[in-house]
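First, the structure itself, so that you have it in front of you.
Chain nomenclature is as follows: A, B, C and D, assigned in order of appearance, with residue numbering initiated at 1 for each chain independently.
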Amino acid sequence: MTSKQHSSWRRKLHDIIYEADTPLGKLFDVVLLILILLSVLFVMIESVAGLPKYVYDWLYVGEWVITIFFSFEYIARIITVKKPARYIFSFYGIIDFLSTIPLYLTFLLAGSNYLLTVRALRLLRIFRILKITRYIGESNKLKRALLHSRAKIFIFLFAVLIVCIIAGTLMYLIEGEESGFKSIPVSIYWCIVTLTTVGFGDIHPITPLGQFLAAIIMIMGYGIIAVPTGIVSAEYAKKDNYVHVNSCACPNCNAAQHRDDAKYCHRCGEELHPEEF
Amino acid sequence: MTSKQHSSWRRKLHDIIYEADTPLGKLFDVVLLILILLSVLFVMIESVAGLPKYVYDWLYVGEWVITIFFSFEYIARIITVKKPARYIFSFYGIIDFLSTIPLYLTFLLAGSNYLLTVRALRLLRIFRILKITRYIGESNKLKRALLHSRAKIFIFLFAVLIVCIIAGTLMYLIEGEESGFKSIPVSIYWCIVTLTTVGFGDIHPITPLGQFLAAIIMIMGYGIIAVPTGIVSAEYAKKDNYVHVNSCACPNCNAAQHRDDAKYCHRCGEELHPEEF
Amino acid sequence: MTSKQHSSWRRKLHDIIYEADTPLGKLFDVVLLILILLSVLFVMIESVAGLPKYVYDWLYVGEWVITIFFSFEYIARIITVKKPARYIFSFYGIIDFLSTIPLYLTFLLAGSNYLLTVRALRLLRIFRILKITRYIGESNKLKRALLHSRAKIFIFLFAVLIVCIIAGTLMYLIEGEESGFKSIPVSIYWCIVTLTTVGFGDIHPITPLGQFLAAIIMIMGYGIIAVPTGIVSAEYAKKDNYVHVNSCACPNCNAAQHRDDAKYCHRCGEELHPEEF
Amino acid sequence: MTSKQHSSWRRKLHDIIYEADTPLGKLFDVVLLILILLSVLFVMIESVAGLPKYVYDWLYVGEWVITIFFSFEYIARIITVKKPARYIFSFYGIIDFLSTIPLYLTFLLAGSNYLLTVRALRLLRIFRILKITRYIGESNKLKRALLHSRAKIFIFLFAVLIVCIIAGTLMYLIEGEESGFKSIPVSIYWCIVTLTTVGFGDIHPITPLGQFLAAIIMIMGYGIIAVPTGIVSAEYAKKDNYVHVNSCACPNCNAAQHRDDAKYCHRCGEELHPEEF
């Protein structure tokens, strides 16, 4: 019976870690959320130079506490899940592993301090916890809208990139090195900065012709910005009262534009055989 | 009867202060509006250095006039309202109090000149007066559209923030201090400046890899800007006051564009037979 | 009969100048269009310093030719129109006058060279000529969409301005003069530059708190940009197949949401008396 | 029979080059795609100064390989097509010619190194190959949406340009040369940079009046950005493939959301009586 008892103990732990319906499960999620946010905050503060030494000391202690908690959590996740290998090599499994390991690596590898910044990736773990919130519905809708406009967005970005390469090459020829357009890649970088209306100003045209071309690029960018907005707007605007129709024609009355889920013609009642199309 | 008379006097004052239907009430609102705008203007002019001394003197006198008017108004609001405590701790009650007090505080506290700038908050009082204008309908619609997209906007801002933290951390690793990316918080600040397409140019990537990542962030920001627009557009497009019309024509008067649910012609009252179309 | 002949001569000239249906009228419009564009081009080239002297000489000659043509045209417009006073004080009458006079004024007034730049206003005359093009339909639609969203846009700009004043005041307090935030008006200017995502970078926050507030302003500006877009999009999206409904209720069947032009209830055919509502 | 054999050999080559249905045709397209991308990459890398000499040597060799391939391809395209003249002077014919010739020209003309950058135009050839992909549908939709809004976009750009010219002239008068507003064309350039919210910061107003006008231009630009977005959104929202559904339920199977013009249920074929609803 030990095995069964063990199994029941594992199931309980599994419910706490992976689910959020029990009070303990909720508490676990809240603690995890706070630790993730704290840990990311620690990484940020650590990067600020010029703070008093005891701050860095406390951050180091805090980092140890979080790393140990994450280590136990990682082990618990592996032993309570039915197929550990599947978890370990899943997206969140890898994120969990990368979240746990950086501090240990500083002992093995000298100069692995940069690895510590990998801890910022812990932020991605938040998405797992937020899976339980009511916002996931909205998030899904957003994701769906983006997925549906996938092809449109790809074509759009491709066109933007080609415009940037050609305009960047022209600017490189017109302006030359003394204006900061040192090479074609740098010119393309400038072109992206301009077309997206960011406009740092680190590089900017000086010659009249260059400024003229820049003005055209800017106005173009201004017009182009409308395209992704229009795409996503239209995707969002697809209200529940509209259904998608296909181009099938009814074999009886030849009526076209049937709903995708139509089995019978809406005009004459004839049975449709969509599988034949 | 004194109490009743007093009560009637209080009611009259209450109508003048809180309502705008009587000529005196309208006059009060207009005077208040002008004083608020003047007072905010005074704060602005005061902050400009290098003006002749008599300007500052006149501003000081003007400020006293406004403060005294606001003091009387504040007292009047308290004594005419039925539940003074409720008013005092309401949003507008606190704004009114903060609008009145700064000048008095300069006597009590040395170096409280900075408090004087709190007077800019007086601008918020305008919203109370504008409550009476015809624009409030539009303002409500705007507020409603924003409220309805609350969850979507929250998810969106959350995603933007996570992108900024991760991209900021990467830029900090790639560019380092010599490019101005002094710490992760500064890098995140740069990332927000870039993603929102503001692009001050005070900090900007120098290394090719940093410029490449920056280009990706910018194009992403360009695409992301479509999302809130799409959300608000779709929210606005949800028109309550519009109904879909079809292309049926009335058999009697030939009026077209009937509502989908119309049984009778809206122009001549003739019975429609949509099934015949 | 001289008077009649004269009248007929005036009518012919009137048709040439004010209309575009005859070949001569079209020719006149094309010549006028070219002269307006040339004249604006001359103003631009004149402002460029460092060109050889003969360019400025030729520009001066060209300017004289255009001014004389415009003078004759202005006189012709006055003598051919029925109510000269009405034309002279109309919008286009004033523009025409301002387009003609600058060169003459340089003789009367010394140092009136700046007045010459007023000639750039000649560009506004183009709108009169373009009245005849096919684009005017689109232009009207654009104007209508903007007019319909007038109240919404006003509320929006008002809200943006209040946000800018309050955020500008806060930035002035936080950053102070050494960061370039010299006074509240300058801070408000910076705030507008940032909120509209222009971001010149001439003034930018240096302190962590200032950068934090700036980040919030930017993200807000990023979200706010969605509002006017949503407004105009929704206005544009009002397709012909939708009609506006009001909140009247039928006196017979109590059906609500009738079309604005409905005379009979669409559900029961009862006569509606919208004038009673 | 040689002529026929030759003809068949030509037809085969034609299918390989111009079509993508056969395995060889697909392979040809993939090879061409890779060579185009490589060639554009080579142009970019070549423009970067400071790389070791052997990199430039290898790029030169690679360029020769690509040029020879393109030369054979160009000749093959001419001999396999029925009307060579028509191909040669078509858009893609000219692009193909310009893609092939630059390297040969360096022998004929001294200092024709700048011509080499013309090779970036090879990127345009990609569009021919992509004609075969599934993205072309989306691309067409995008093109159609832009074509339909042609007149609107023209009016919009024209209005933007007039605003820029007038505002640029005003800024030139207000700010003058010491702020960087050297001439009216430069001021117009600044105005476009500002109105499109790019904001390089190379030129920026210094005087209070100039900053005030700049603020107005920026807010205007912020509002104006809504217009093209609204246009394209509305154009996109015109969905051909969607029909409006009403809330009727089928009396037989109770399926809801029938098309407005449905007479028979799309699920069970039962006759609908919309007049009963």
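Note that a residue touches a chain if its C-beta (ideal position, glycine included) is under 8 Å from a C-beta of that chain, and two chains touch if they have at least 3 such contacts.
It should be emphasised that the depicted structure is a prediction, and the values quoted were computed from it without experimental measurement.
Annotation of subunit B and subunit C: jointly contacted by A, D, touch as defined at the top. Taking the mean of C-alpha positions as each chain's centre, the chain lying farthest from the centre of subunit B is D. C-beta contact counts were set side by side for B-D and C-D; C-D has more.
With centres taken as mean Cα positions, subunit D sits 31 Å from subunit C. Distance between chain centres (mean CA atoms), subunit B to subunit D: 39 Å. Residue positions of subunit D with contacts to 2 or more other chains are 185, 188, 197-201, 225, 229, 231, 233, 237, 244, 261, 263.
Every residue of subunit A that touches subunit D in the complex is listed here, in rising order: 151-152, 154-156, 158-159, 162, 165-166, 169, 172-173, 177, 182-185, 188, 194, 197-201, 204, 208, 211-212, 214-215, 218-219, 221-223, 225-227, 229-231, 233-234, 237-238, 241-246, 257-259, 261-271. The residues of subunit C lying in touch with subunit D in their complex are 40, 43-44, 47-49, 114, 117, 120-121, 123-124, 126, 134-135, 137-139, 141-142, 145, 153, 157, 160, 185-186, 188-189, 192-193, 195-202, 225, 228-229, 231-233, 235-237, 239. Against subunit A, the residues of subunit C that register as touching in their complex are 197-201, 229, 233, 237.
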